[in-house]
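Each of the next two complexes has chain A plus one other chain: chain B in the first, chain C in the second.
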Partner chain A sequence: MKRVLRIMKTFATVYYAYMVEYRAELLLWVLSGSLPIILMGVWTQAAQRSDFGLSPVEFARYFLAVFLVRQLTVVWVIWEFEREVLEGKLSFRLLQPIDPVWHHVFSHVSERLARIPFAILLIVLFFVLYPTAIFVPNIATIALFFLAAGLAFALNFLIQYTLAMVAFWTERASSLQEFWFLFYLFLSGAIAPLVVFPQTVRTIALFTPFPYLINFPASILVGLPVNLIQGFLVMLAWCAGFFALNRWLWRRGLKQYSGMGA
Partner chain B sequence: MSTIVVDHLSKIYPVAVKEAGFKGTLTHFFKRTYRQVKAVQDVSFQIESGEVVGFLGANGAGKTTALKMLTGLIHPTSGRVEVAGHIPFQRRSTFLSKVTLVMGQKQQLIWDLPALDSFKINGAVYGISDRALNHRVGELSEMLSLQGKLTQPVRKLSLGERMKAELLAALLHEPNVLFLDEPTLGLDVNAQVAVREFLREYNQRYGATVLLTSHYMADITALCKRVLMIHQGQLIYDGSLDRLVDRFSPCREVKVEFARPYSAHELSVYGDLQDVEKQSARFLVQQEGLTGAIAKILADLQVVDLTVSDPPIEEVIGQLFQAGTVAG
Partner chain C sequence: MGRYFKILRIFWSTAIAAELEYRINFAIAAFTSLGGLAGSLFGLFLFYQTGSSFPGWRWEEALIVVGIFTLLEGFSSTFLAPNLNRIVRHVQEGTLDFVLLKPISSQFWLSAHTVSPWGVPDIFFGTATIVYAGIKLGIDPVAYIVSIVPLVFGLAILYSLWFMLGATSIWFVKIYNVTEVLRGLLEAGRFPMAAYPTAYRFFFTFVVPVAFLTTTPAETLLGRSGIAGTIAAGLLAIALLFVAHWFWRFALRFYTSASS
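== the complex of A and B ==
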C-alpha cells in the first residue's frame, strides 16, 4: 500500500511537471475545447425564437456545464498508445513491473490539474460577459457532479483505451476513434441537451454509453431532470463491461505484439 | 548455474507483401498476401551467471527478435526460454526487477523533463527507497561522469550524454541480467570507450550477466570472451572470440622486407602473393603451413624484416556474414 501511494505521488508530480512544461500549448488545448461555448450562442439565440423546452438561460448554463465536463473528461490515450505500439516504445513500459496503463492514467489526471486553472478563468470570464446565467449549485449537487464527471472520465478512458487495443492488430487504431467520435458527438449531449431530442432517439441513446459521458453529469450540475440511481448504475455497468473487454484484448494483444522498430 | 537457457527457440512473423505501383496498392488493399518470415529458427544456447557474451549478426539476422523473446516482450512461436529462473513472457515482477534492456536507437527517458524526473519514476516503480535511489544515482552518474547533467531537460543533452543517462535509468534497479542492443550506436569514439569501460566495470562490480549486440567490433573485442553468431535466424557459431578468428580466418598475413629486389615470379612460390613493392612484399599464408613458409622465406631469400599478423576482425566477420554457410 505504501508503495502504491509512493508510485501515485511520484507519477502525479512528474507528469504534472511534464504537463506544465508547455504552458501556451495547455491554454490552446483549453480553448480548443470551447465548441460548447459556440453552440451555446447558437442555442440561446434559437431558444429566444421558439420553444425547445429550455429557456435561453438554461441553455447557457447547460453548455457551460458541458464545457466543464469536457475539460474534466477529455481523453487522448488512443493516440499515445497507438504511437507507443507502432514505434515500439511500449517495450520499455512492458519491461517495468507495473501495468503500462498507469502512465496514461496519471498523465491524464495531472493534465486535468494543470488545465483546471485555465478553465476556471474562462468560466469567470463568461459570467462577467453574461451575468444573468450566474448560478450557484448547492454542495450536494456539486459533490454529485464531480462524482458523475469522475465516473464519466473513467468510462471515457476505458472505452478509448479498449479501442486502442486494436493497435495490436492494425496500424491505424485511431481511425476507429474518429468513427466512434461521430456517435459520441451526436448522442452524448455535446451538440444539444438530450431533453430536446425526439423521444425515440432519447430512448435509444440511453441504451448506449454516450449520454452518460456528457449529458448526465452536465444535467446534474444545472438541475435538469435525470434518474440519478439508474444513471450511476448504468455507468458502473458500462465501466465493468469495457474493463473486462479491455483486459481480454490486452492479454491477446500482447501475444500479437512484435515491438516494431525496436 | 545458467542464467539464460534457450532451447530450440523459434519466431515466425507474418509480413504483408506489397508490390510497387498503383496496381500493387490496389491488390494490397483488397487482398492482402502474407509471407511467413522465420526471424529466429531453432536456436539453443546457455549463458552462465556473470558472463559477457557478444551477439553477432548482420542487420536482419534475428538478433533483436531473439533479445525481445529473452526479455519477454514478444511471445516465441515455439521453444523454451528461461532467464534468471523465469519464463520471460509471463512478465512476473520478480523477473522484471532482475533484467534490463537498453536499446541504442530507442529511449525511455521523458524527452521534455530532466533525466532525474524519469529516474524518480523508475525508483517508485521498482520500489527503490529515496535514500537508495539517491545513492545509486550518485554512484552511477560518477561512473558515467554525468554529474551536473541530470537536472537539464533530456532534449538538451548531447547524444552521448543521453545514451549514458539511458544506461543509468536502465540500471537503477540493479538488474543482474543486462540485454544491450547496440548501446554505442551513433556515439563518437570517446563516448563509445566511456560506455564500454562503464559496462566492464558494472559487470565486475555487480557480477551481472550481459548479452550485447553491436556493430562496432571494438565493443565486442573489448568486452566479450564468448560470442554467438546468428545468420538468417540460425545460430551458426557459439564459442570464444579467438577461436572464431582462428577457425574462420585460416590465413595469416606475412609482410617481408628484403635486402634486394625480387621479381613477382621469384616470390610467388612462397605463398599467395598480394602485392610487391620494390624491396617488400605481402603474402597470405595458410595457418597450417605458416611456419614452413616462413622458414623457407628466411632460408632462401635475403630478409631484412618479417612480420606476421591477423587480418582485421571486421574483415573476418564481414566475410562470414557474406558466406553465411559456416557450420557451428
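== the complex of A and C ==
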C-alpha cells in the first residue's frame, strides 16, 4: 500500500512538471476546443427567432458547460500508445514492474490540473463579456458535476485505450479513433443539447455511451432535467464492459507484439 | 516554371505510391467521410426541424454551405495538413536545413512536397452535396463556374493563414498545435454567416475570415452577393499570399538550425 502511494506521488509530480513545461502549448490546446463556443453563437441566435424549448441564456450556459466538460475529459492516449507500439518503445515500459497504462493515466490526470487555470480564465472572460449568463450552482450540483465529469473522463479513457489495443494488429489504429470521434461529436450533445434532438434519435443515442460523455455532466451543471441514478448506473456499466474488453485485448495483443524497432 | 511542374509530378506520384500501401485506410476514410457528412446534415437539420431556419437561407441553400465546407475539409486534408503541419517538425529536428539547400523555393517545397489521398472522399461527397442542392434549386450551370472563382480565393486565404501559422514555429518551436486552433475556428464555416450573432460575424469576417471560405462562394453560387463579395475575397487572398511569402522570408532570417 505504501509502495503504491509512493509510486502514485512520483508519477503525479513527474508528469505535472512535464505538462507545466509546455504552458503555451497547453493554452493552444484549450483554445482549440472552441467548437462549443461557436455553436453557442448559432444556438443563442436561433433560440431568439423560434422556440427550441430552451431560452437563449440556457443555451449559452449549456455550451459553456460543454466547453468545461470537454476540457476535463479530453483524452489522447491512442496516439501515444500507437507510437509506442510502432516504434517499439512499449518494450521498455513492459520491463518496469508496473502496468504501462499508469504512465498514460497520470499524464492525463496531471495535464488536467495544469489546464484548469487556463479554462477558468476563459470562463471568467466569458462571464465578463456575457454577464446575463452568470449563474451559481449550489454545492451539491457542483459535487455531482465533478463526479459525473470524472466518470465521463474514465469512460472516455477506457474506450480510447480499448481502441488503442488495435495498434497491436494494424499500423493505423488512430484512423479508427477518427471514425469513433464522429459519433462522439454528433451524438454526445456537443453540437446541441439532447433535448432538442428528435425523439427517435434521442432514444437511440441514449443506448450508446456517447450522451453520457458530454450531455449528462453538462446538463447536471446547468440544471437541465436528467435521470441521475440511471445515468450513473449506465456509465458504470459501460466502464465495466470496456474494462473487461480492454484487459482481454491487452493479453491477446501482448502475444502479438513483436517489439519492432526497439 | 516548367521545372516546378515536373518536380510537383514527382513529389505527388511518390507520395501517392507510399500512401497506397494502406488501402484499407482508404475504405475507412471513405466511411469516415460519409459519416461526417451525415453528421453535418444532422447538425444542420436540428436548426430546421420545427419549421425554423437561418434568416434568408432555405434548407437547400444551407446545404450548399455544408457542401462547400466538406469540400474545403477534403482539400485541406489532401493538400494542406500533410504539408504544412510538417513545417514544425522540420524546424524542431533541424531537417529544414536540407530543404533550404535545395535549388527550388523553400516555400514551394514545404507547401507541395506531399499529397494525401485521404481527403478525396470528402471532396467527392462535398461536390455531390452541392450538385444535389443545386439541382433542387434549379441553379444555372454557369453559376457553378462563376462560383469557382471565390472558392479558389477562399482556398488561397486558407493556405496563406495556415502557412503563416506554421512559419511561426521558427520562433516558437513547440507549437505544432497552433494549427489546431485555426482548424477549430474553421468549424464555424459549417453554417452561413447569417446564423451568427453580430459579434461572431465581425470576428469571422475580419479576424479569422471564415466568411470568405464558405459563405461567399455559396452566395455567389446562389447569385445573390453580386460581385462585391468576390472582389473582397480576391483582394484579401492576393494580399495574404504576398504577406505569407514575405513572412516566410522574414522568419527564415531568424532560423538557427537545430541538432546539426
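In this text, the second predicted complex is superposed on the first by the 262 of 262 C-alpha atoms of A that agree within 3 Å, B and C clash if a C-alpha of one lies under 4 Å from a C-alpha of the other, contacts with A are read in each partner's own complex, and residues count from 1 in each chain.
In the analysis below, a residue touches a chain if its C-beta (ideal position, glycine included) is under 8 Å from a C-beta of that chain, and two chains touch if they have at least 3 such contacts.
Predicted model only: the values in this text are computed from it and were never measured.
By the touch criterion stated above, A:Val196 is placed in contact with chain C alone, chain B being left untouched. Residue contacts after overlaying the shared chain place A:Leu94 against chain B, while chain C stays out of touching range. Greater residue coverage of chain A by touch, when chain B is weighed against chain C, goes to C.
By the touch criterion defined above, A:Ile116 reaches neither chain B nor chain C. Once the two complexes are laid over each other on the shared chain, residue contacts for A:Leu86 go to neither chain B nor chain C.
Judged by the touch definition given at the top, the superposed model places A:Leu182 against chain C, while chain B stays out of reach.
In the overlay built on the shared chain, the residue A:Leu236 is in contact with neither chain B nor chain C. Common to the chain B and chain C contact sets on chain A are residues 22. By the touch criterion stated above, chain A contacts chain B in their complex at residues 3, 6-7, 9-11, 13-14, 17-18, 21-22, 87-89, 91-92, 94-98, 254-255, 257-259, 261-262. Within the complex formed with chain C, the chain A residues making contact are 22, 24-25, 28-29, 31-35, 38, 41-42, 44-46, 49-52, 170-172, 175-176, 178-179, 182-183, 185-186, 191-192, 196-198, 201. The residues of chain B lying in touch with chain A in their complex are 13, 64, 68, 71-75, 91, 93, 96-97, 99-101, 103, 105-106, 108, 110, 112-113, 117-118, 120-127.
Contact residues on chain C toward chain A in their complex (touch as defined above): 22, 24-25, 28-29, 31-32, 35-36, 39, 42-43, 46-47, 49-52, 54-55, 172, 174-175, 177-178, 180-181, 183-185, 187-188, 191, 195-197, 199-200.
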